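These are the structures, in structure tokens.
Next come two complexes built around subunit A: one with subunit B, the other with subunit C.
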Partner chain A sequence: MIIDLEKCVGCHACAIACRAEWEVPTGKDSAQRERRRNWVLRLGPSKTPQGMASTYYPGLCNHCDKPACVDVCPADKVEATFTDPKSGATKTMQVAATWKDPFNGTVQIDKERCLGCGACADACPYSARYVNEEGGEPKADKCTFCVERLAQGLEPACVQTCLARARIFGDLSDPNSEVAKYVQKGAVKLENAKVKIGPNVRYYANKRDMHLLTTTSIPKTMPQANLRRTIMARMLKPAMDQVKNLGMLGLAGVVIAKGLSEDDKQ
Partner chain B sequence: MAQSTSSNMADIYRFLAQSLRYPDSSWLQAEYFSALDAFLVGLGWDAEAASIRRSISESADWLEPLQVEHTRLFVNAVPAVIAPPYGSVYLSDDGMLYGPSAEKTKLFYHEQGFDLVGEADIPDHLTFELEFLALLVEEGKSDEEEFFLAHHFRPWFPKFKARVVCETRHHFYRVIVNLIDFFTREEM
Partner chain C sequence: MALNLTRRKFLQTASLAAATAAMSGCFADRAKAGTPFVKKPFAAPGSFADTKTVTGGICEMCFWRCQLVGKVRDGRLVKLEGNPKSIDNGVSICARGNAGVKLLYDPDRLKFPMKNVGKRGAPEWKRISWDEALDECATRLKGVIDKYGPQGIAIFPHGCSATYPMNFFENVVGTPNNSEASFFQCRGIRDTAYVATLGVPPGENVDMANAKAIFLLGGHFGENVHVSHLKRYLKGLENGAKLIVVDPRFSASVSKADIWVRIKPGTDTAFLLAIMNYLIKEGKYDKKYVAEHGKGFGEFAKGISHSSLKWAAKTCDVPEKQIKQVADTLAANAPNVSIHPGRHVSWNGNDFQRERALACLTGLLGTIGVKGGFVPGKGPKVGKVGWPKLMSEHAEQFALHTMAKLYKFSPPGTPTDLIRNTAVTGKPYAIKGYVGWGQNPIQTIPDQALTIKMLEQMDFVMVCDVMPTDITMYADILLPELSYLERYDGYIHKGTQWNFADPQQQFIAPRLPLVSPIATDHERKDSIWIINELAKRMGYGEHIKVKSAEEMVEKILAGVNLSIGQLVKEEGIHLQPGADPYGKALDVEFYSAELAEAGYSAIPTYVPVPEPPKGFARLVYGRSPVHTFNRTQNNAWLHNEMPNNPVWLNDESAKKMGLKEGDTIELVNQDGVKSRTSSVVKVTPGIRKDTIYMAHGYGTMNKAMTVASGKGIDDQSLITRLAVDPETGAHGMRNNFVKFIKNGKVLSIPA
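Up next, the complex of A and B:
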């Protein structure tokens, strides 16, 4: 996907269409992650070497070439067969509950097998995943590039709704596609030496807006989440249920008490 | 009921804190051992789970040996208590109880909005530190949790753990301190 910031007017229609299409809740999850598949952040106005800049950071999952979120998934792996819709070729791989499709390149989640541990969300440098805890079991959630809509011949919801046509969806591997032409014109990935996992969403803008976007919106480092503890805490779920049922954990609060609030002191 | 990972971690800290309290029948019951067993098996610590099962099933009265060992390790023993569960004992040159590091820990609790309930409570007791970590997790303060682990907890815990692991005569305490180590260690 290409996002052309010369066209984007910052109307948030993409983010809202996505929330409506996929019932993405607002606010934060219990680990304080923004619950979002698709977002628009306002940047500037700020001084840049090229002059005053004011633009937007419309973001979504980058469906990276080397996605950090996939390797950390602790779910048991199962065999899955993928088919290339163009050539009909197939490939069989062992996948956890999240994977990168070897043919269309999208990063997907199997909600049935997702444990809801949030390790993938913690691993994403772009904060493009969160854990949806609404109703029933918690499940990781993210942009799918609207694969379900694509299968019906539709565009992703954020693309279809963009009144400025600032979002352009297509096949980067096809040199004649509009997206490939944007790459030739110099559309950039939000990456740097430390965060280099091959994002596939690219941004096109004038020099000053690009300076503002790249200085504010490229992650500084890869997340160093405490993955062992996060994953273990989730893998122990049946045992944790027993621990919770002991009913003794509530006693603990008597040892350290929340300090008196200013009101209470008066 | 959905449980988030972070609240799991808070429960793990509390479970570990509870496990080091004085063993009495108000909490140390079959349900506790069943939960501990499931917990160890869930981690893949099968040998540890088996060792605790063995030492509990060896005699009808398993509570008293645990009480004796708890007292010997953490409260008093002749000629000296083996592993006092207080940070400053390991962090001050002369092994002082309620040393300067304990004051710093107390101040950190306060900065995060928590105070000890008892006037005479010693702030850097192992169970208080674990409970404080649980409270930080519940408030979503993961940076503060990491900071507390790195600057207040880990500087002394490995020394305490080494003494318990070397000296204890009961598998229970060896396993519990190894569990605490596992869940508080820096990694990757």
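Up next, the complex of A and C:
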């Protein structure tokens, strides 16, 4: 996806359309993460070397090439087969409750297998994930690039509602696509030397707005791994695999859970 | 940070994992495994899943009236989208339009007729039946009429549904005291100034999509959002139009501008006069157009000849060469120039003259009826139905501005300031009945204390609204209205395709309900039903022309051989071929004999406005893209986007005052009036030192608005010094000055 800040007027329609489409609750989750799939932050007016600037940071999941959120998922892995809609080729992989689709490149969550632990949300440098605790069980949630709408022949909700047509959705691998042309024109990723995981949302803006965007909205560092969560995730993964392999009904889980709940009290 | 994984959850997931593991591991099989721990689906299904698309919605989150479809699942509206058949907004709607769902299901909405058994301003509500409510309204309004005459009633309407009540009270009951906020606190000045100059009210009818230059005076598009209007603007910019923005603040439009005129607030007319004088002196105006269509050009040219660039530069605090640059840019791109008339123009009490100057500049550049210029579209006609004008003569006889020989260019209705003063003083007659319909004068009209005084002296106060806004706290009887998503209300939206470069088309789109108004948890009604029932009880039943809102829509449509059934078949929007909007010239009253005769300045004149006292800066307010006035402040989705209204302060001033970005502050004005609530500071180089800016529409005091109550600062509470435009009687609301308060300490603003 390309976001053209030359066109964007900062109206926030994208953020609200997404909320309506995917019933995203407002406010913060219990770990104080903003509950959002899609957001608009207002930047400036501030001085830049190119002059006074004021622009917006319309953000969403970057569906990164090397997503930080996928590997940290502690859920048991299952075998999944993906199909390339263009060639019909298939690929079978072991995936946890969140994965990167090898063909369309999107990062998705299997809500039914998600543990709701929030490890993925903490791992995302862009704060693009939160945990939705409104349902019966907490579940990680984030932008899906509206693959469900695309399957119906519809545009992503944020793209459809954009009065400025500032959001351009398309196939970067097709050099004739509008998105590819924006990349040729100089649309940039919000990344730097420390945060370099291949985001796939790119921004196009004039020099002063680009300066303001990149100096305010590129994450400074990758999130510090949460030690306890990492330990938990490591403990959980083999336990889950073991459960799976041995078909033991939750025995290992009970042992770990006991330890965890005691840990929580400290 | 504590782990979120609780013991119970973990046990469940572990067991679930095991149960799942016993299956093949393929996603498709998972459903068969059964998921006893899943209480409800984890993933929202999307608005397209198992929904019916209902057409015929007309948005009223603001007044622009975008055409909508509703995605309805089991009778419940889940999402609003632009109607794909629309040639106006298309599939796009703005943040507020998208958030209409949250208004519809706002738990704070008014649900039942209520009687105030407490005090006005500190109400205690008792639920009553519609019969009781209507009987009491009828008896008490009739009581006012019998004792004081029809003029003893004042009506404060706003929105589509208020037209029917407004016409009832004006035409049938016979009161002239109708204060529309859209006129007297907003655009009325613009409309009558353009009528006096070009003969037509301008709307926002500039063909920006096809302009080579766009000139905005305070327009902050992007913060101010109306979909097809912004489409025109953005198309123009995309086509390379030069954008000139005059604003003391680096607004959303300034960020896209080629020229930012960082003007001293209140001096805009001086700026415009200098531009026009320069264009005339240099011969850079449209001589042919002026010769053919200009009236009194000689007097005009002579009358503004003192308005030098140097004088304006000093008055407006902008560089002389920049004024020249703006004038030259306009001349170089004429006649394809959009001189935007503005919309909210009730600024400083000298506003009619500024709007006259804008209309004259439009004429001087010959930018009328041409590509990119001032071009009213040629929309379709529809039928008409409404109350007969039985009492118009009586109403006119008691019109306060006519009686006082004031405000001879007042827009329709009576200037609010006169209504309020008359009510408070009882002179020249008593005003003892208040009817509010969709308007919240507490946050709309300056000097809240005086408005409250007006309300307190009333014999009866009746308010009908959708939400419990601040004015509802002062009602004796409070009536709950259906929202725009659940009702017919006799409103037919009509217009043309947004870009005049496209094939000419017209549309007719009546508001049809997207969901049923019937529910067990409320007794809301539409305005046609309510007013008809009231009219019957007040003895005016014989004059009723339509029995229901639906019948009203049918009758209006029948005037052009359409029907609701036909519109439903046509997916909510009737399209028909349009007419070429270009080519119509308008005469320009550069010197207005009419104004001279009425005792006003016949040529546009700059009237200086009060300067900030030492230590204060001028309070200027504007729009937030997620709010419409104060009407949307309780919308949970919109509130979440911008929970308060940061107060813009110049960065150098902030440094001297010891204020930092995000500091919690209050404001106090020149009369010692403090804001009831607090907000935060926004420290930026993008505002003048003599100006403080904040978005309007925050800080409601009604605790029944549980989302918005006390959030942000109510700018209107700080506007206590009145300015009244002498030609129109409309309020000017930017002649108030503030200081900051942090931790109880008042902080002066350095010059």
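The rule is simple: the second predicted complex is superposed on the first by the 227 of 266 C-alpha atoms of A that agree within 3 Å, B and C clash if a C-alpha of one lies under 4 Å from a C-alpha of the other, contacts with A are read in each partner's own complex, and residues count from 1 in each chain.
Operating definition for what follows: contacts are C-beta pairs under 8 Å (C-beta built on N, C-alpha and C of every residue); 3 or more make two chains touch, one makes a residue touch a chain.
Keep in mind the model is a prediction, meaning the values are calculated, not measured.
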Review point. Just subunit B (first), just subunit C (second), both, or neither: which does A:C117 touch?
Key: both
Check your understanding: Looking at the overlay, what does A:D71 touch: subunit B (first), subunit C (second), both, or neither?
Key -> neither
Check your understanding: Which one hits more subunit A residues, subunit B or subunit C?
Key -> C
Exercise for review: Please work out whether A:S30 is in contact with subunit B alone, subunit C alone, both, or neither, and reply first, second, both or neither.
Suggested key: both
Exercise for review: Quick one: classify A:A20 as touching subunit B (first), subunit C (second), both or neither.
Suggested key: second
Practice item. May I ask you to decide whether A:Q224 touches subunit B, subunit C, both, or neither, giving the answer as first, second, both or neither? Key: first
Exercise for review: Classify the contacts of A:V131 with the two partner chains as first (subunit B alone), second (subunit C alone), both, or neither.
Suggested key: both
Review point. Is A:E178 in contact with subunit B, with subunit C, with both, or with neither (first, second, both, neither)?
Key: neither
Practice item. Could you list which residues of subunit A make contact with subunit B in one structure and with subunit C in the other? Key: 30-31, 116-118, 131, 136-138, 226, 228-229, 232, 239-240, 243-245, 248-249, 252-254, 256-258, 260
Exercise for review: Flag every residue of subunit C that touches subunit A in the complex, lowest number first.
Suggested key: 1-7, 9-22, 25-27, 30, 35, 37-44, 46-49, 78-82, 89, 91-95, 97-99, 101, 221-223, 225, 227, 230-231, 234, 238, 250-252, 254-256, 260, 625-626, 636-641, 684-687
Practice item. Provide the residue numbers of subunit A that touch subunit C in the complex, in ascending order. Key: 6-7, 9-13, 15-17, 19-24, 26-27, 30-31, 40, 44-47, 52-55, 75-76, 78-81, 110-118, 131-132, 135-139, 146, 148-149, 152, 154, 157, 160-164, 209, 226, 228-229, 232, 239-240, 243-245, 247-250, 252-254, 256-258, 260-261, 263-264
Check your understanding: In the complex of these two chains, what residues of subunit B are touching subunit A?
Key -> 2-9, 11-12, 14-15, 17-18, 27, 31-32, 34-35, 38-39, 41-43, 109-110, 113-117, 121, 127-128, 131-132, 134-135, 140, 142, 146, 182-183, 187-188
Check your understanding: Of all residues in subunit A, which touch subunit B in the complex?
Key -> 29-32, 116-118, 131, 133, 136-138, 224, 226-230, 232-240, 242-246, 248-249, 251-260
